[in-house]
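The structures considered in this document are given below.
You will see subunit A twice below: alongside subunit B first, and alongside subunit C after that.
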Partner chain A sequence: MVKVYSISNCPWCDKVKKYLKAKQIDFTEYNIEEDEAARDMCYKISGDLTVPVTTIDGKAFVVSFDKAKLDELLGL
Partner chain B sequence: MKKEEQQRDIIIIGGGIAGLTAALYAGRMNLEVLVLESELVGGQIINAHSIENYPGFAAIKGSDLIASVQEQAEKYGAVLDEFDRIIRLDLTAQPKIVETESFIYHAGAVIIASGMTRRKLPLAKEQQYLGKGVHYCELCDGHMYQDKTIAVVGGGNAAIDAADFLTKYAKKLYVIHRGSKLTADESSQEKLKKQPAVEILLNTEIRDLNGAGALETLELYDKEQEERRQVPVDALFVNIGVIPNTQLFKGALALDEDARIVAGEDCRTNISGVFAAGDVRTKPVRQLTTAAADGTVAAILAEKYIQSLKEEE
Partner chain C sequence: MNIYDFTVKTNKGIEKSLADYKGEVLLIVNTASKCGFTPQYKELQELYMKYKDQGFTVLGFPSNQFAGQEPGTNEEVAQFCQYNYGVTFPLFEKGDVRGENAQPLFQYLTEQKKFKGFDSAHPIASRLLGALQEKSPKFLDGDSIKWNFTKFLVARDGTVSGRYEPTTSPLQMAGDIEKLL
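Coming up: the complex of A and B.
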C-alpha cells in the first residue's frame, strides 16, 4: 500500500501524486496540515515534517520527488 | 533493452514560462513539440505566491499562471513530459539527438529554456541541517514553523516574496542580507516592512549554523560593526540567487563567464537550429515577461529553421 503525506499548495507533493497516477499506482493521501494523526505519523517515519513523504507497504519511505528511489521501491 | 526512437519537430528543454510559451507558439504552428522538464513545471515562479507584474493580472499565484499557460500549450498539441530526464545530447547532428532515460528523440530544432536553479547556501553545515531547519521551498516547508522564529537569507524579489509568505507562520521573521540595501522591488519591500514580526538585517552575513540535531542558531557577522553574534532561529529559508542550468550544454554551446548560453535577442546560439530562451540566455533583463517574449521568438525562428531545412531537401 502506498501512502503520500503532503500539504496543500506543495509543488513537489503534486509532482509525486502526478507520477503515481501516471504509473497507475493507487495511493492514499494524508494532508498533514489537516490531519494531526497523519502529521505525527509523518514525523515518526522521516524524523521531520518535510513533505512529500511517500511510504511503500510501511517498510520504506521516500522524501520529496526522487524518481529513481520511487521506481526502485515500487518495482517500476 | 533498446530504447524506442521518436521524431519531433521541436524539443523544448525546460518547462518554465519561456519553454511553455515556446510550446504554445510551436503548437499553434502545427509543429510536433515535446517539452522535457525533469524538475518542477513552471520553474522558479512555481513558488511565487503572488505575481503582480505580469500584464493582465493584478495578482496571480505562480502555480496558477503556469497551469494556465500549460493548458493553453497542450490545447494546441504540445506534449509535456515531466518525469523523463535527459542523459545525452548531440546538438550538431541533423536531426538533433536528445536521449532521455526512456527514449531517443530526433528533433529538427531544439529550444533550451532550462532556466535557473537556486544557489545553495555556501556553508559547510548546509547539508547537515538540510530539511532540519535549512530549507529552499517555503511553500513545502513553511508550515513546519507555525509560531516559530524564521530567517530568510537574501535580498532579491524571490527572498522578499518568500519572507512575505512566511509571515503567516512566523512569530518573528528575520530577513538577512549581506548588502547595504535590498534589491527587491520597492513595492514588495514596503509591503514586507509593514509586518510587525519582520526585522531586516542588512550588511549581515551568515557565518555558521549550529544546533543539536536540528538548526537552533545562526552565527551572524555584522560587516559594519565587525561583530559576530548568535541569533536563535528555528528555520532558515535560502534565497540567495540562482545559477543557470547549463551543465548539459558545456562544451557544445558557447557559454558566458556566468555559464549562461550566449544568444542574442533572436535567441540563436552558436549551433544552427538550437535556440536559448528565458533566464538561461545572456541578456540584461530577466523577468517573466522577457522569458515569455524569448519563448515566442525562439518558437517562431525555430519554425523558420525547420522550414528552411525542408526547402533544402
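Coming up: the complex of A and C.
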C-alpha cells in the first residue's frame, strides 16, 4: 500500500494526492500534525518532518511533489 | 531599555521574561507557517543542537503576516511543507512582527539593527524582492521585518550583534555564533 505523510493546508501534499488519484493509485494518508505515531514514522523514514513523503515499503521514499521521482517509486 | 526588559508568551500561553536567558547567546527569529517557500526550521534546529551545550538557544516567534505575499512557486522552489513543531527550541505565541501591532520585542530588534538589503546571491532574493515590490511595497520601507525567517543574534551581554535577512540561511551564521560563544 502506498502511504502519503502530510499535514493540513499543504499544497504540495494535495498535489501528490491528486496525482496519485489521477493515476488511480490507492494510498493511505497520514496527517503527521494529528497522528503522533505517524509523525515518528515519517521522521524515521526521511530523517525530517518535511512533507509530503510518499513511500511504499518505508525504505524508498519521495519528499515533495516530484513527478519523475514519484513515477520511479511507483513504477509508472 | 535592553533585551532583558521584554516579556513574551510561550506557545503554551505562559509569560516568559527574556531576562531568563541572560548570559546566553540568542538567535531570535520570526518563523513562518509551515509552507513558506524557504523553511529554515531544519537548519535552525541543527544550530540549536550543535551549540546549545555552550549556552546558545534559538527563540522562534511564529507569525503568518507574510503568507499572502508569497512569491509564486516554480520548479526551483522546494515543493514541500515542514511540520511546524519538528523543532525542540522554544517557540513562542503567534503574533505580529511588523506594523502597528508588532510585538515590542521586534520593534526593539529592528530599531537596534537596520535593514541592509537582501543577499542577492541567494537564489530567492530577486524573486522575494519582486514579490514584495508587486504585492506589498510598503513592507520594503524602513527597517521593519521584511519576511519570514529574519534572524537576530544577541550576545551574552544582551547586545543585538547582528541581523540576518531571510536570504541568509541559518547555517551561514555558524561562524558568527561561534564568535559570541
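Simple rule for what comes next: the second predicted complex is superposed on the first by the 76 of 76 C-alpha atoms of A that agree within 3 Å, B and C clash if a C-alpha of one lies under 4 Å from a C-alpha of the other, contacts with A are read in each partner's own complex, and residues count from 1 in each chain.
Simple rule for what comes next: a residue touches a chain if its C-beta (ideal position, glycine included) is under 8 Å from a C-beta of that chain, and two chains touch if they have at least 3 such contacts.
Just so it is clear, the structure is predicted and the values come from calculations on it, not from any experiment.
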| Clash or fit: how do subunit B and subunit C relate after the overlay on subunit A? | clash
| Counting only touches as set out at the top, which of subunit B and subunit C does A:C13 meet: first, second, both, neither? | both
| query | Looking at the overlay, does A:A22 come into contact with subunit B only (first), subunit C only (second), both, or neither? | reply | first
| request: Answer with first, second, both or neither: which of subunit B and subunit C does A:D66 touch in the superposed model? | output: second
| said: Applying the document's definition of touch, where does A:G75 land relative to subunit B and subunit C: first, second, both, or neither? | reply: neither
| Regarding the shared-chain residue A:G58, is it in contact with subunit B (first), subunit C (second), both, or neither? | neither
| Clash with subunit C: which of subunit B's stretches 146-154, 254-262, 272-280 or 290-298? | 146-154
| message | Output the subunit A positions appearing in both contact lists, the one against subunit B and the one against subunit C. | response | 7, 9-13, 15, 32-33, 48-51, 63
| Once bound in the complex, which stretches of subunit A touch subunit C? | 7, 9-13, 15, 32-33, 39, 42-43, 48-52, 63-66
| note | subunit A residues touching subunit B in their complex are 7, 9-13, 15, 18-19, 22, 32-33, 47-51, 63, 67
| field | subunit B residues touching subunit A - in the complex, by the definition given at the top | value | 40, 42, 46-47, 63, 82-83, 85, 131-132, 135, 137, 139-141, 143-144, 214
| Complex contacts: residues of subunit C adjacent to subunit A | 34-35, 39, 42, 73, 78-83, 86
